Each structure stands twice: as structure tokens, then as C-alpha cells.
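Pasting the structures in now, so scroll down.
Here chain A shows up in two complexes: once beside chain B, once beside chain C.
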Partner chain A sequence: MSKIKKKILMLVAVILLVAAFGAGCAEKQAPSETPSEKPTPSEQPPQPEVIKIGVLLDLSGDLGAIGQKMKLGAELAQKEFDSLGGIGGKKIELVVEDAATDPAKAVEAMKKLVEVEGVKVVVGPMTSSETLAVAKYVNDRNVVIISPSATAGKITELGDDYVFRTVGSDDLQAAALLDLMKSRGYSKIATFVIANDYGIGFEDYFKKYVPEMVALSIRYDPQKGDYRTELQQVKDAGVDAIIFVGYVDSGKVVFRQAADLGLDEIDWLSSEGIAENVMFEDAKTADFMAKVEMIGTKPSSTGFTYEKFAEKHRQAFGSDPDLFSDYTYDATMLAILAAGTAPSYDGPQIREALKKVSEWYNGATGYKLFDENGDPAFYTYNVWKVVKTDTGFKYEIIGHWAPATGLELIP
Partner chain B sequence: MPFETNLLQILFNSLISGSLYVLVGLGLTMTYSLTKFPNFAHAEFITLGAYIVYAMTDILNLGLISGIIVSMLITGFVGVACFLMVFRPLANRKGTMVHLMISSIGVGIFLRYAIQQIWGGQELHFSKVHFAGYNLGPLRVTSLWIGIILTAVILVIILHLILTQTKLGKAMRATSNNPSLAQASGIDIDKIIMIVWFLGAALAGLGGFFKAADTRIVPVLGWGILLPAFAVIILGGIGSFYGMIAAAYILGLAENFSIIGLISLGISTDYRTAIGFVVIIITLIFAPTGLSGINFSKWFKRRRPHEGEVME
Partner chain C sequence: MAFPIAYLLDMLVFTGIFGIMALSLNLEFGHTGLPNFGKVAFFMIGAYTSALITLAGYPFILGITGAMAVSAFFGAIVSLPAIRLREDYLAILTLAFGEILRLILKNEEWIAGGVLGLKGIPEALTTTSFKSALYGHLIVVYIFVVTFYIFLRFLEKSPYGRLLKAIREDELAAQSLGKNTVWYKAQALAIGSAIAGSSGGLYAQYLSYIGPDLFMPVITFAVWAMVIIGGVGNHKGVLVGALIYQIFERGSRIFKDYLQIPIDPNNMMFMIFGLLLIIVLMFRPEGLIKEEKIKLL
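Let's turn to the complex of A and B:
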């Protein structure tokens, strides 16, 4: 083999290596740089004519379908204030950026919001990995972020900072799922989770609290799109149930391949990541979910204030709200109220105002008081089950879970 | 593992993976052996094939078989068009292998975003096509998986016959071996090269349909299989037809068995991708001619290319 040919082959290998792993590495990188200029506390920025609210959601990628609908929640909040003439006479402007279900892109988009648009309060990002990736940057720049859907337990550990969320930690949702598993009397389970902070958070929880129950744990990559051999391992493990934690796009592939493999004799449990109507757009996926009578948990979307929000959503957009659009609505409402009531458009002041308004704000998803870590102090989860109806498929609410009351199934 | 793995099923899964690599690798190795550069746009021929079958079956309501045939024809013509519009003019202007390789990445990006413009970036599934699954003793099979394996085997046999028994095959081998001599012997090498590009792209499209039916249709579908496909043709010995086939199944086995290891180590199963790289690196260091250098060099043993000499 000639030298030149060998060189070219090496070049091919390098290009492939960069292409395949470049993105992966970027995802795992936390933003390491420290900003050169820190705003001095004495500096009082002038009150702007328009209050800018950053909205950083995944409008494309694995969660694109969900992000597009969540954006409507943010727009609804803006519309309500617009109909009142803004807040304190000032107009509200939503500055929307796409994080593309990619932590590296989320950091990039966050920098654009802060440095180009001068935004001081942002609704988002959507995923836990993205939120953890931008956390250091927003804390350095004193920019308040309110995530409507980042649920990983790790976010609580960030402590008292500029990171808030309107949705509860997965440590609680995992506790809810565990109670649900116990109520069904499983002795052996397999976990099948997406290999990121969200999925691994669930896996860690079960391994920590019920290690004897977890016979097999699998972490999958959402880009790969082929899980046949992984699912075969679950089949061979002879477990009572599989706990799937992932997102809609890769979830569809997992369920389709599980249907192919005939993996429908065990119980399937899942979380809010897939509790979304887009799953039913693919008939094979929907059939499988209904056949195994998939059950799971999700942050609560029930009650009087939720119905009120759903009604407004239908009036404005002609469609029912979907997963997390209520939490996005609440996050946007809180962001507008905080920015509108703060003495100036300035990160630290908006943060203090946000803590204050959260004491009395009762939103679509209930009372939104933040605890000392920026997590909601009160939370309930719904227990859902996939059922086939005359018109299609739906997630039927079959129970509730709250830390105080535990699991309550609707008889 | 605290339980017994169904090894037969893992072997069967490896056969499916290997067969997909054969379908994808056939075209890649064929175009390589004639035009002497690695065509990265091959990934997009794979993707395009899947999307056209989708358009035919789900949008236009054609049957699956006619959908696949139309898709292979269109993908084949796109392959020829890429060759005529980009690669041949470039080669005629004394473009080297590196120029051609980089331009193929450009063509690939163009095609990928064109596909994304037409069909959107969201994930699609074939909804009109159903593949029944059933138990065959300890094995679980679906008609799709059997289809993938059978198609690969049948195509290999057909191509083997074409290469060894027909005038066209002889001309293809001659052109691959020594284009100038082939031309001097009265072979219309332009025609032969175009036929090979057509076949290569059409087969990529077919492989793309199978991969998509097995998983999902996304604009990066082909890009995801391109790495293992390159690993396969490097392991097989570049340009070697039979080496590539053996390598495809070896890689299929290695990947599927590595999944078991990765799971027991608690690592994301995505790292099976690394197997492809390990294969490429080990092959290049220890046996740069691949499997064909050992055994399968009979038909496709090529003379060493010189820099700048890409094709006529």
C-alpha cells in the first residue's frame, strides 16, 4: 500500500471521527470560560421602554415537536399582558431562540440572548442537560433563568442561584414511579433510559433506593435509532416491567422495535418525557402503547386553574395545551411579573422580585412558591395510562401522587 | 449478567446489521474501485432512497414494491447526476482524490439540506407498510428482517454472477483494474462508470429504505451508517467485493455483541460506534490491505493509484 493511499485513509478516518464525536464532545462540555466583564452592583441600567423576556426552547431536534407547542404557552402569557396594555405601561417583547435539543447550541443561543439582545430574564431551557450547561454562564452574568421542564435532581444541587424552575425535581417523580411500581407488586425491573442527565437521574434513583429490584439497566443514545439488541437483553432478563425514560422521537423507535421483538408481555412504565400526543401520530407506536397499557407519571396538569388556562389556550390557538405548555405559561408569567415589578431591568433585582411574586402567584400548574434552591415548593404528579378511544388514543389520568399523600389511584 | 442471553437472537440481529452494511457498502466499494475516491455523498443516497420510498408509499399511495423500484431508479439517477455534474468535471480538471473527497462532502451536505427542505427535519415513519412479527422457535423475526437478509444475499449472488459471467462484469473489472488499458481495448469506460454509479446509488437507496423501515426516517439517516460502511470497506480491503461482504458481517457481530458488554458495564450503548473506529485503526496499522490482502484479492486486486490519477 502506497504512502499516499495510507494518508488518505487516515484522512477519511479523521473526518469520520470528527463528524461522529465532535457533536458528542461538545454536548458534554460545560461552558468553561469566565466573562471578562462583570456588571458592577452600583450600575443602575435605565428602565427600558420594552421589557424583553428571553424564550429559549428546543424548537427543533429530538424535542422540537414539544418545544413548538410550549412556545404557545409563552405567547399566551404575553398576550394576556398585551391585552392590559403591557405591565406598568411597558410593552413585553418575547425574544425567542432555538436550543435544538443540544446543550452546546443552548449555550450559544443563551449567549446571543444575553450579549446581543441584552436579555436579563429567560424562560428555558427545556432539558436538564441544557439547563446544567448554561447554569455557570447565567450565574456569572446575573441572568435569571426559569426552566419550564428541566426535571433532573442535579439542578436542585446548584442551590440558591439564578436558576429557577416551575417543574418539580425528578427525584420526586422517581419516588412517584417507585410507589406505582410497588403498588403493582413488581420484584424485578429493567430500566431503559436516555443517556443524559434526565434519564440517568431516574436510573440512579432506582439503583440507590431499590438496588435489589433493578435486574438490568440500559442507557441508550437518542441519535442511534436502533435498539434491537438492547431490547432483546430486556426480554432475556425476564423482568416484570421495563421503566422507559426518554424523549418522543427516540421513544417512537424504541416502542416500534419493542413491538417487532414481541416485547409486550411485560409491563411498560414511563415518565413525562413521552406523555405527549405526538406519540400517537405514528400508528404502530400508538398501538403498542395501548396494547401494553403503558402507565406512567407526569407533572400535574389538572385542577381549576389548569382548566382555566386550557380554555384560554383553546380560544387563542384553537388547540388543547400539550405537555409542559402550562409550565411554560407559568414560567413566562413569573418572568413578566418579576421583570415588571423589579425597580430596574437588572438581573439581581429581577431575581429578588421573582422570589417575591412567587409567594402569591397561583398559576395554571398551581401555587408556584420557590424553595431555597429555586425549585417549586409544592408539586403533584398525575398518573397516566394510554387508552384507545373511539377517536384515537389518549393519556387518561388514573391517579395522583404528592409527597404528603403518596399514591392515590382513581378507583 | 444474572440471566441467560438469547445468543441465537443476538446472532440473528448481527445478521441484520451485517446485511444492511452489505447493501450500503456494495455501492460504496463499487464506485470506489472505479473512480478511486471515497464518496461521502453516498450517505445522502441512502437517506434519499428512504425518503423517496416514503413519498411513494405514504404520500402517493403506491405499493411498497413499486415504491422501492421508483426510489432505486431516482436515487440511481441522482447518483449519476452527481457524478456527471460534480465529480467528472472536477476529475477532468486534474482534481486529486482529496479534492474529489472534499467535494463529495459538499455534495452530501447540499443533498441533506435539500432533503430537509422538502420533507422537514422531523422524524418520519412508514405508516402504510406493515411487517408482521412472529416467533420462530427461540427466534423472534419480522418479515422486514428476513427481507433485509434475503435481499442482501440475493444481491450478492446477482452481482457475483454479473461480475464473473457477463461481458458487463468483465468490462467493470477491466475498468477498475486499468482504465487506460480498458479503454484501449475498446471498452466504453464512461458508460461503465455511469452504470456503476447508477447501481451504487440505487443500492444505497435500497439499503436506506431498509434501515429507515427498521428504525425511522431522518435527514441524518445515511450519515449514521456511513462510518460503519467505511469501516467495512477498509476492513474488507478497499475496492474488494468479497472482502467487504465478509467484513460487513464481522462488524455486525462485533457491534451486537459489544452491546451486551456495554450494558453490563453500565455505559451508554452508543459507544458501539467506537467499534467501527477500532476496526479502521487496527486494520490500517496491522493489515492495511484488509481482508482482501489475505484471501479475496482474485478479482479486484487493483494496481496502486498515483496521486492525481483519479480517473479519465
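Let's turn to the complex of A and C:
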């Protein structure tokens, strides 16, 4: 008797859960459902009163800390429009979802944004594998996505579709780094890259274009926490320079251990992954970076538009913008402008509007005209150098690189 | 247009795919007593095999068959070193196997695209609209779920199933009756892995993209949670477990829009699910649906 009772109770509990979930779906849907019920193929769906912009970032997981900061960039863009009374009289609503640094979660969250919230334009996802994972789905569903930070070269190959990004391909930055290397006349280099799409993208580029220069290529696991063996290999290889591509956390460990091993005789080059001030919080890391006069590239964040953005960011949140929050801001601005100027809130029309908007939009990270692959057509990298100042350390901009002009160092 | 039911259908597709994984673990652990902590490895083998086969232009059915065959082969091979030893060794071995395999696929571009994985994997059915594709996926996945469910029920009731349970209960006793238990355990792992491989194949064609980041060890533990909550040893139970897991995962995403909570909803889902796991283990260690008694008459 009691067994049956228990079974029934369990069954009821499960049904309740399902019902609650279903109710959740239905209730949430109610407001946005109304405009979407009417249209027939010939009829165009009317513009809703509120323009929904999806924001899909990694708010937890490995990249959670960066994602939380990037979200501020999106919020800043929304605030700006709302202070002007929205766009075309319509308020902007950001619908934020967490992809948890997991491509499977990114797909699931994207489906929620599109199917449950009825979003047609999404800022995100953050990583390249997440972007590749959602690409087919958004193309099937005619939903525009603008990634602020997916840099893999492979995304370019996705072609003329619904996938856009405000950030340049890693291949472009690798080309910038390569020019920088050539300007210094290295004959033998070692690559030391993080074992993910970001690091391996750089390694592949150098191996493809200057195979004779790459004497040693090492991929490191960011979770390992000890790189003495690998660094010793670099030391033994007798190279002119080491190209380090990685992130802040593992970068600190690598530089500390390199300092211990006396690897300051050779040149160090790096990319935007470590070009953040948090690197200087650790005195030993900072000293090492200044001692080897580390140089590197990063997506351009200079110019008056960036300064204006940084000022607004400081006013709104009391902090300096962090890595990629400027790209998130631009992606959100473009999304809002495209959705606001499109004749209706509809994927294909937003895509066309986005292309038009991108022709004149000049944002925190410069002009954002998209090429036929949805990549930014104009792109500038800054060349930085770590210097010690009276007050501490900083990344000094010593030059620029753009596909059209090549490397220009400030004399 | 927004199509909210699609989110629900998508959840059912995932329930089906992971339900198949849970069924296979139930055969291995629930019935034979083999703690396979490398479920994700066979899921991954299935996904990659089927993706490579279908990307080469062969039909889906060949992809799934290949996925099952290759997974079964690895299931049998991997178990060989450890199957004679106590179960703990098998658990550690399979756990390590999953990670090693993932790292190999991540670092060796020539196998299957390295870190960025494979994209543009053909779907099982060619359809014209998103809606019909979704229903198509639902049908395809549930054909597999039902087939495996019937197969495993049949296996459970057969003398072979009883033999597997005998090994679980007392391996020595089974041996004393003249059964080559090592051989049967390897078979159970091979069958289980084949089934897990097919779910990998379904996953690959559903997402149409796979990469090494999709096959983290957490998937193994999710499948274990489904089996434990649903009911170890009961095939119906583990399918319910798979559904509950998906409801929690999606539900946390929906509920966060209504309830303001101070913690990240993704983390909260893990907390609540962990709590559920503990409660189930404390008050109902056999799971929501108990294992059925063997009826001999």
C-alpha cells in the first residue's frame, strides 16, 4: 500500500515539475506571442513596442569573470539609447543569457532566446567554439548574431550568413605579429600557446606562413600550473624570440617561471590575451615583463571614440572598461541600430539593416563595416610594449598595424 | 517567429539522446555492476565516427552503424586491462580513457579538426523547414530510444540478463557455476558502449557541429545522476531520470526570469540538483523507480 502511495507521490512530484516548467514557458511567452501569431507569409510582422536584444555571454565557467565585465558594455549601449528615449520611440530590452563557457549550453541558451523570448538579434556568443556550435541553428532560424570576441579564423569560412563579429580574426592579428617579428629580424622563434582555438590559431598561422622560422612549438594546458619543463625546452632550443599566446591567469605563472629559469635573454612577444593591467598586480610578473621589454599586439583601443566610450563606462560603472567590453558595446550598438531601423523585427530585414548601419557606424573600436563574411573590413591593431614608469607599469602603445598599411612604429 | 514549443521539443530530443546514454549505463552498472566512469568517451567516439562517416557523404544509417561498431570495439578493448580486477580499477581506467581521448582529438587536427571540431554534419533527415526538422529529429531519436528500450527489456528478462545480474550480485558464485564472467562483462561493456555510441551519433547530427569542448567529463556525471535519481537497474527509471535532469537544466533558465536570486542560475541548478541527488540517496537509494524483481514464472 505505502509503496504504491510513494510511487504515486513521486509521479505527482514529477508531473508538478513538468507542469510548472510548462507554465513558465507559456506565461513568459504570452506578451511576445501576440504579434507573432498573426502573420501569414505575405504579411509582415509589426514592430513590437519593445525591441528585444539577446545577449549571450559566458557569465559563469572559465570565462565567467570576463563575460561579466563584457555584459557592462552591452548595458552601457542600452542605457545610452534609453536615456535618449529609445530608438524610434521604442524601448530597448536586453535579454541576457548565460552560456557558461560551454558550447552545448550556448546552443541551449540560444534556443531559449529565440524560441521562448522571440529574440531576432543576439550579441554573442563569446568563444569561437560556441559560435561554431550555434551557427547552423541561427542560420536555420534567420537570427542575426554578432559576436564581440570569437576570433577564430574558421568563423570567416561560415560565409555570407547570419553570423557577424565586431572583432577581427586571429589570422589578422597573427599577420600583425608576424610583421612585427620580421621587423625585428628574427630567424628562429618558439611559439608557446594555450591549447585552445585561440592559441592554436596563432601557431597554425606561423607554421603555415613561416615554417622555417618556427623552431619549436609548444601548446600548454592552462590547468597544469607548471611549465618549467616546456620553458626549459625553449631555453635549450636557442631561439631569438618566444611568442606567447595565452590568458592572464596562466600567463602570470609562465612569466614567473620564465624569470626563475633566466629566460630573459631572449625577446618575448605576445597578444591581447595578456595585455591587461591585472598582469601587473603580481610584482614578479610585472618586473619580468618590463625587464624583457615585452612587446605585442592587441585590437586597437585608441582614438577619441574609444576615449569617449571609456569615459562613459567610468561614469556608469566607476571602472575602466575591460578586455572586449568595447567590442561588446559596439556589437550591442549595432544590434540596436539594426533592429531599430529595420522595417520590421524580423531576421532577414535586421541583417540587411545591420549591413547598412555598419557602413557609417563609428564606435568605440572604430569603423565597423562588415565584409562579405561578416568580419570587420577595417581593422587596426596596436603594438604595445611593457614599460616601467614612476608609478608602476603600463602597456605603452608604440605603433599600429592595419591590413592596408602594414606595420607602422611610432618613432 | 518565436516558436516556444520548440524549446520544449528540443528538451525532449536531448532527453532522448541522454536517455539512451542512461539506458546504456544502466545495462553496464545497473545490471552488470560495472562502474563505467568514461561514458562520455563512448559518446564522443560515436559522435566523431558518425560525423566523419556522414561528412564523407555516406548515409546517416551507415554513420550510426559505424558509430556503434567502433564504440563497441573500444568498449571491449578498454575494459580488457581492468576487467579482471575489482570494479574500482575499471572506474578509474574508463575515467582516464575519456579524458585522454578528448585531449588526443583536441590536439591532433588531422583526425577530426582539432580544437574547432567538425561543422556542417549532415542531419539524419533532409527537411525544408525548421519545424519539420525538429519533429523529424524527435521521431528519429525516439525510434532509437524505443528500440533500445525494448531490446534492453528483452535482454533483462532473458537468461542472459539474469546471468549479468548474477555477476553483479556475486561474481564468484557465477564463476562457480561455470560462467566465464570476464567474457560476459566485456560483452556487457561492448553492448553498452555501442548504445552510447549511437546516442553520440544522434547528438552529432542534431547539433550538426561537434568539438572536443562538447565532451567534458561532466557529461559522464550527468548520466550517472540520471541513473541514480531515476532508479538503478530499472530502464524506465533511468529514462525518467534523464527527463528530470533536462527539466532541471532548462527549468533553471526559465525560472531565473521570474525569481530574483542572488546566485548565478547555472550554479544554482547544480546546487539544487546536487541536493536532489543527496535526498534521493538518503531516502530512496534505489532511485525513483525501483528495479523490478526477476519473475521466473
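FYI, the second predicted complex is superposed on the first by the 351 of 411 C-alpha atoms of A that agree within 3 Å, B and C clash if a C-alpha of one lies under 4 Å from a C-alpha of the other, contacts with A are read in each partner's own complex, and residues count from 1 in each chain.
Here is the rule we use: a contact is a pair of C-beta atoms (placed from the backbone, for glycine too) under 8 Å apart; a residue touches a chain by one contact, two chains touch by 3 or more.
The structure displayed is predicted, hence computed values, not measured ones.
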First (chain B), second (chain C), both or neither touched by A:84: neither
Partner chain(s) touched by A:104 [first = chain B, second = chain C, both, neither]: second
Touching partner for A:219 - first (chain B), second (chain C), both, neither: both
Touched partner set for A:195, first chain B, second chain C, both or neither: both
Which superposed partner A:60 touches (first chain B, second chain C, both, neither): both
Partner chain(s) touched by A:128 [first = chain B, second = chain C, both, neither]: second
A:404 touches, of chain B and chain C: first, second, both or neither? neither
Shared contact residues on chain A - chain B and chain C: 10, 17, 20, 24, 60, 64, 195, 219
Complex contact set, residues of chain A against chain C: 7, 10, 14, 17-18, 20-22, 24-26, 28-29, 32-33, 36, 39, 45, 59-61, 64, 97-98, 100, 102-105, 107-109, 111-112, 114-118, 128-129, 132-133, 135-136, 140-141, 152, 154, 195-197, 200, 219
Touch list for chain A against partner chain B, complex: 1-2, 4-6, 8-13, 15-17, 19-20, 24, 60, 64-65, 195, 215-221, 223-230, 232-233, 235-238, 249, 252-253, 256-257, 259-262, 282-285
Complex contact set, residues of chain B against chain A: 2-6, 9-10, 13, 16-17, 38, 40, 97-98, 101, 105, 121-123, 125, 127, 130-131, 133, 135, 140, 142, 144-145, 214-216, 218, 220-221, 223-224, 226-227, 230, 234, 238, 256, 259-260, 263, 266-270, 273, 277, 280-281, 284, 288-289, 304-307
Chain A contact footprint on chain C (complex, rising order): 1-8, 10, 14, 106-107, 114-117, 119-120, 130, 133, 207-209, 211, 213-214, 216, 240, 243-244, 247, 249-251, 253-255, 257-258, 264-267, 288-289
